[in-house]
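Shared chain: subunit A. Partners: subunit B in the first complex, subunit C in the second.
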Partner chain A sequence: MVDEGTRKTLSSIPLLKTKAGPRDKELWPTRLKEEYQALIKYVQNNKEADNDWFRLESDKTGTKWFGKCWYVHNLLKYEFDLEFDIPVTYPTTAPELALPSLDGKTAKMYRGGKICLTDHFKPLWARNVPKFGIAHAMALGLGPWLAVEVPELIERGVVKYQEKSDEAK
Partner chain B sequence: MAPSTDWDEIKRLAADFQKAQLSSTAQRLSERNCIEIVSKLIELKLIDVIFTTDGKEYLTPQQLVREIKDELYVRGGRVNTVDLAKELNVDLNQINMNISEIIKGKEVQLVSGYLIAHYYLEKIAREINEKLQLQGQISVGDLTLQYDLPADLLQHGVLERYMGKIIRAKQDPSDPRIFYTEEYIMRTKAKIRGALMGLLKPTPVSLIISHCNIAERLFMYLFDQLNAPGVLTGRQSGAQYVPSCYTKSQNEWVINFYKQNNYLEYDALTRLGISDPKGYVKRVLANEDMNFLSSCVIGSQINQQLETALEECISSKSYLDVLSLLPSVLSDEDIDNLLEPLLKKNSRQTILFDKTVFSNNFIENLKQACMPITQKNAEAVVKSGKYQQFYLEKQLAKSDGQQMVQVDHKAERREERRKKASSGKGGGGTQGRETKTKAVKKHLRSKQVTHDSDTDDASSIAKKAPSNLEIICIEDVENCIKEQLENEGLDDLLTQISEYLQGHLNQTALTIAKELAEKLLQDANQNRKQTHSSAQDRINVLVNDIKLYEKGLKLFPSDQQPQFVKYLLKSFGGDILSEFCKYAANQCNLSVQVDILSVEQRNKIINDLSEEYKKPLKNLNSTISEQNMEQFYQAVDICLTECGMILKKVDKKKDKLLVQNHREKLIYELENCEEPALILHLVVLALFTILNQNMLHASGRQVPIIITFLKSQLKEEHFEQLQKYHELVTKYLTAQEDEKGAIEEKLKEDMSLMKNIVIEVKKY
Partner chain C sequence: MANVEELKKKISELEAKLAAAQGNSGPVRQKIDVMSSEVVDSNPYSRLMALKRMGIVDNYEKIRELSVAIVGVGGVGSVTAEMLTRCGIGKLILFDYDKVELANMNRLFFQPHQAGLSKVDAAAGTLQSINPDVAIDAYNYNITTVDNFQKFCDTISTGSLTGGPVDLVLSCVDNFEARMAINTACNELNQRWFESGVSENAVSGHIQFIIPGETACFACAPPLVVASKIDEKTLKKEGVCAASLPTTMGIVAGFLVQNTLKYLLNFGNVSHYLGYSALTDFFPTMSLKPNPQCDDSYCRRRQTEFKAKPVVELATEVKEDDTPIHADNEWGISLVDENSPEEETSNLKLAEGVEVAYSIPVDNNTPETSSGGAVAASELSLEELMQQMKSM
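Moving on to the complex of A and B:
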């Protein structure tokens, strides 16, 4: 269902405990804290594995998230804007990750740039409520999607390398 | 409150999150990037580093050199480059490249893959010294094995370098690779000296060495310094140590033995440990006169002894057993060699059998003892015809072998003959030749040994192969001389002597046999001649008789003559023919058993005869039944010439005498005769002979004719008596059995009457 690398990454992300959505005034901050901790851990892990591939930040309430994600193909870094909202039914419903810059460029995408996740993702997520969080959605959803779609997009010439994005060394 | 703190906390976490995201990205450089960077730098020659074998670390060469040095020190001054490569996790090539840096300093050297520091060598030297003090000696070879270092390094780099400083030892002068301590050498010397002192007999050096447990080389080296009481036979490993006391006693023994026995056996000398007996003897007994044989040396004394004994043996006509005079160790070959020159001097008078010398006289005596049996056997052989047979076979074999030659011979002869013929010498010559050829033919055909020249041939052949006919066999000889030899105790030589004698005796026997055979042949020849003349005589008599009888029968009327002629030829002619047959058969080697031949026998013989006789005799045979006297005489003539006979002239006076004899014979027979018919026959014949002075040959059947013929000459009464008697006889002969008696009676009465008639008529 998921490849070995993903599974490993996944297992190193701490699981969440609190089941609370943005509407739960009491518990949401707790949940959010856990989300942040998981994310920090995930990012740290990624850095250690020299596998840093996104920047993410949220609004104050922690319901709206935005940032960048990139994919290195043939020593060239392709960078895409990333945004998503925490649904009200969260964490029962997984967040819908969107790459607006790629809207309409690939079939694996809903309107507005929301990526089509694999068939496995949803049941996996459902099984793991409330243990999975944003970090898991990133690792399990966006990561594999990028790995599959970006090279294809580049190949099709839909996505072009842009000079400006080389702010990394 | 709680929510606000929560939110603060969230804010802080968010900040932390951002910090985490940002800070790490700035610092983190992935491993592969690092590798890429370094390789790029190396490529650009900006840095000089060395990879470790796993590729995870880099070293500078200086670091490597330091590490190698450290490693070397840690390992006590000796390290293998390969081990280094493993230990330092650096490629061997890199190490090798950097080793030159280390070696530069002279303190460290690279020896067959090992880095060796000077302090390591010092350490080894100390170890070696310890070991040397313990063992007394040490060889570079052992050390090489022990330290796994090249001998050269150990030799020069360690032993020689530290000799006298660290190592207290001496180098073996003959082998620089071996080192001894002074004490060891002293000890070994003492050991060897003790061993050599103790030895009494020659000992292989190898044995001494193994006993003393020292090196051969050392032994040889030290031996010279020892002043040992003896000598070494050589410097090789197979050498022997010969103590001088042993040499001395050896010499003494040899000289004494020779003085006592006057000979020396090589084997004995070899047993004493003398490797070159001949040379040794020559050296030790230099002033002796000696005879070197294959197995021993013999002094002149023995030779002289032998010589004297031999002379004595010859003069005493006996024998000499050489073995009893010579040392028993001499081989047969040696004895032969020794005897040869002696016997050569006396070869006329001696014979050697095995190892016993016989004087010829002795042998001659033995031979004489065998002569009787030789003579006997020779006679027996000749008598039994074996010799002749052997001789014939010999001749046949010879003629087979020389067939070619003979053919040539014949051809030559033929050629000669033709030449003679063409030269036209005349009829006489031809005849002469014919007789000659005939003679040759006869001898070849007859297969009889008649000529002396032939016998000579045979004897020469017999000489060539005397063994072909064994007249006297070895057993005979043995039996003859056995007793004599046994008395002398020489029976073991019996067979040899017998063989020798047998050869000679057989020769003698052959000669005797030859003589005997020749004698026999001469006798036979004489016999033959006699048969020839007697046959001739008999034939002469017979022919003469026939002529006389013919004369008698001519008195009869011519119509009656044929009967008489027929009978005459049948009887006397037959006799003549028989006579010829017998003679011819004899000539042709046909045996004739009976004296009187029947017609069938005659015919058979004639058929068996050789061609030259067959024809005339057949002719004669046919004339016998022809009733023609002339033809008969002619046939007889031919036969006579064929048989080489002549008809003697007839003496008229003798004829009369013959007639008279015949008459007397008839009368004598008559007087003694009792048979009536025969009496008549005889009376008639006698009367005819008396009255006509001629002989008559007639059968009983012709009696009546003769009686009628006599009628005119007889008195009446005599004639009548004769007639009557004749009738009676006729009657008697034809009468039945029962009447015969009576007639016989009558005839007997008249018998005397008949005899009287003859007497009376004689008185006319």
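Moving on to the complex of A and C:
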């Protein structure tokens, strides 16, 4: 089951309307606008809930995305680079979110640092095509992944705290 | 213009050659012009050509004119490539973007000294030394990105020995995204292909023959799984993504190549779907008709084209009646599901022991979530939205 918290978070992210992938020259820009609107709302929600945890941006084509996500554990902030491509079959298939710096450090990853999703993710995504977008993939995929894996990585000593001056505010 | 990417490619090619040379101080297999059935100790084709003498295959030498593309050169794809190479296939086109790792050594084919090489270059080196008669092209990229997808489509539609479409595409990838990308390409190009897979718990697998418009495509139904008789809820997935066994992968590769040979050389019956459950040694088979409401518009177009074909042709090609179809196990039964909405009713009839991995509601107006509302058309331009996101 998807836990109550995730369900609530998901339900406050606007749904998308346009079913178009990056090969659809005409409709992709419309879809991309919806992606940005949903992401902006999601980040606003997070800030309001004092749970700001990622930033994302894309190239002009909207097919390459990159940014940062972070997780606070024992009052220390651990930050990771995040990247992914929008596959040609999007939004039928979800983007494969990757944290390259953690590649090879945990078994809950595929090659290239792609995170291993729970069994709930795919059915839920498939039932919500084309309404789910990148923001939903973040909330349903990466959020829960970080919450489970990062404390474990810290405990094993694989991930260490690094002093950083820049706070994302 | 020698950019870094090209130099890197050159280096990995040279590394592959060096590795091949180091492991290769013994005899070298020379090229052979014509396949012969002569039984001498230097003829690698005599036992294959014996299939002709025994009346199993009409014209085995035809294999030298045929081209096969293999997408994914991992546990299943590498073994598939080796089998086809040893069978003397005319041309192989390999796609993968991964590197050989020591962590792959629980599988067949690759060897520790190849760690760090791209899988396609390492495989091409080994395969070429096993059989220099096979033409091998290797492409080291991810087919699911926009640019690479177009290159992939161009390659399979012009990659045969005569510059036309390849005779068959074999999917040996390990993820849903790549399978869907291959499905999209093959529906658009009207290209026949085999899908193959091994479950993440390593104890089941399957192959599926997809003839666009004629048999179900990969998007016609949710992914099919062979029932493992393990209660999924007791399956421990904490701490690992996937398990793998060389046995299951080898068996699936064997099924895949066996059916490939039957199709290419026109002997026996080609299975449209063949499943494998390792725990019970159970092998369900079935035929699957395409879904008239398939999400892929090219699949629907191919279905219309197929229906318009003369009936005579149909009668010789399809043998639906031979397959075990169980009306009591239609779409929607025994689903692993959370608060399942209405099930879709379609003509999907699965053999006993095969299930859909999950269901998809018919009615798209019953969203999982809605209190956030839908996005309203924004006054802002895309550039403005990008800027707004950036400045948050």
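Details
In this text, the second predicted complex is superposed on the first by the 164 of 169 C-alpha atoms of A that agree within 3 Å, B and C clash if a C-alpha of one lies under 4 Å from a C-alpha of the other, contacts with A are read in each partner's own complex, and residues count from 1 in each chain.
The rule we apply is simple: a residue touches a chain if its C-beta (ideal position, glycine included) is under 8 Å from a C-beta of that chain, and two chains touch if they have at least 3 such contacts.
Please read all numbers here as calculations on a predicted model, not as lab measurements.
Placing subunit B and subunit C on a common subunit A by superposition gives a clash between them. Once chain A of one complex is fitted onto chain A of the other, the partner contacts of A:P29 extend to both subunit B and subunit C. In the superposed model, A:S12 makes contact with subunit C only, not with subunit B.
When both complexes are overlaid on chain A, the residue A:L99 reaches neither subunit B nor subunit C. Of the two partner chains placed around the shared chain by superposition, subunit C is the only one that A:A126 touches, whereas subunit B remains out of contact.
Once chain A of one complex is fitted onto chain A of the other, the partner contacts of A:V159 are absent, as it touches neither subunit B nor subunit C. The larger set of touched subunit A residues comes from C, when the choice is between subunit B and subunit C. Once the two complexes are overlaid on the shared chain, A:E57 sits against subunit B and subunit C alike. Of the two partner chains placed by the overlay, subunit B and subunit C both lie in contact with A:I40. When both complexes are overlaid on chain A, the residue A:I134 reaches neither subunit B nor subunit C. Subunit C runs into subunit B after superposition on chain A, and of the options 8-16, 80-88, 422-430 or 584-592 the stretch responsible is 8-16. In the superposition on chain A, the residues of subunit A contacted by subunit B and by subunit C overlap at 29, 32-33, 36-37, 39-40, 43-44, 47, 55-58. The part of subunit B that touches subunit A in the complex is made up of residues 3, 6-7, 9-11, 13-14, 16-18, 20-21, 24-25, 28-31, 33.
By the touch rule above, subunit C contacts subunit A in their complex via residues 98, 142, 144-146, 149, 175-177, 180-181, 184, 219, 222, 232, 237, 239-242, 295, 336-338, 341, 357-361, 367-375, 378, 380, 382, 385-386, 388-390, 392. Listing the residues of subunit A that touch subunit B in their complex gives 25-26, 29-30, 32-33, 36-37, 39-40, 43-44, 47-48, 50, 52, 55-58, 60, 62, 168. Across the complex, subunit C is touched by residues 1-2, 7, 10-17, 22-23, 29, 32-34, 36-41, 43-44, 47, 55-58, 61, 63, 85-89, 92-94, 96, 107-111, 116, 118-120, 122-124, 126-128, 131 of subunit A.
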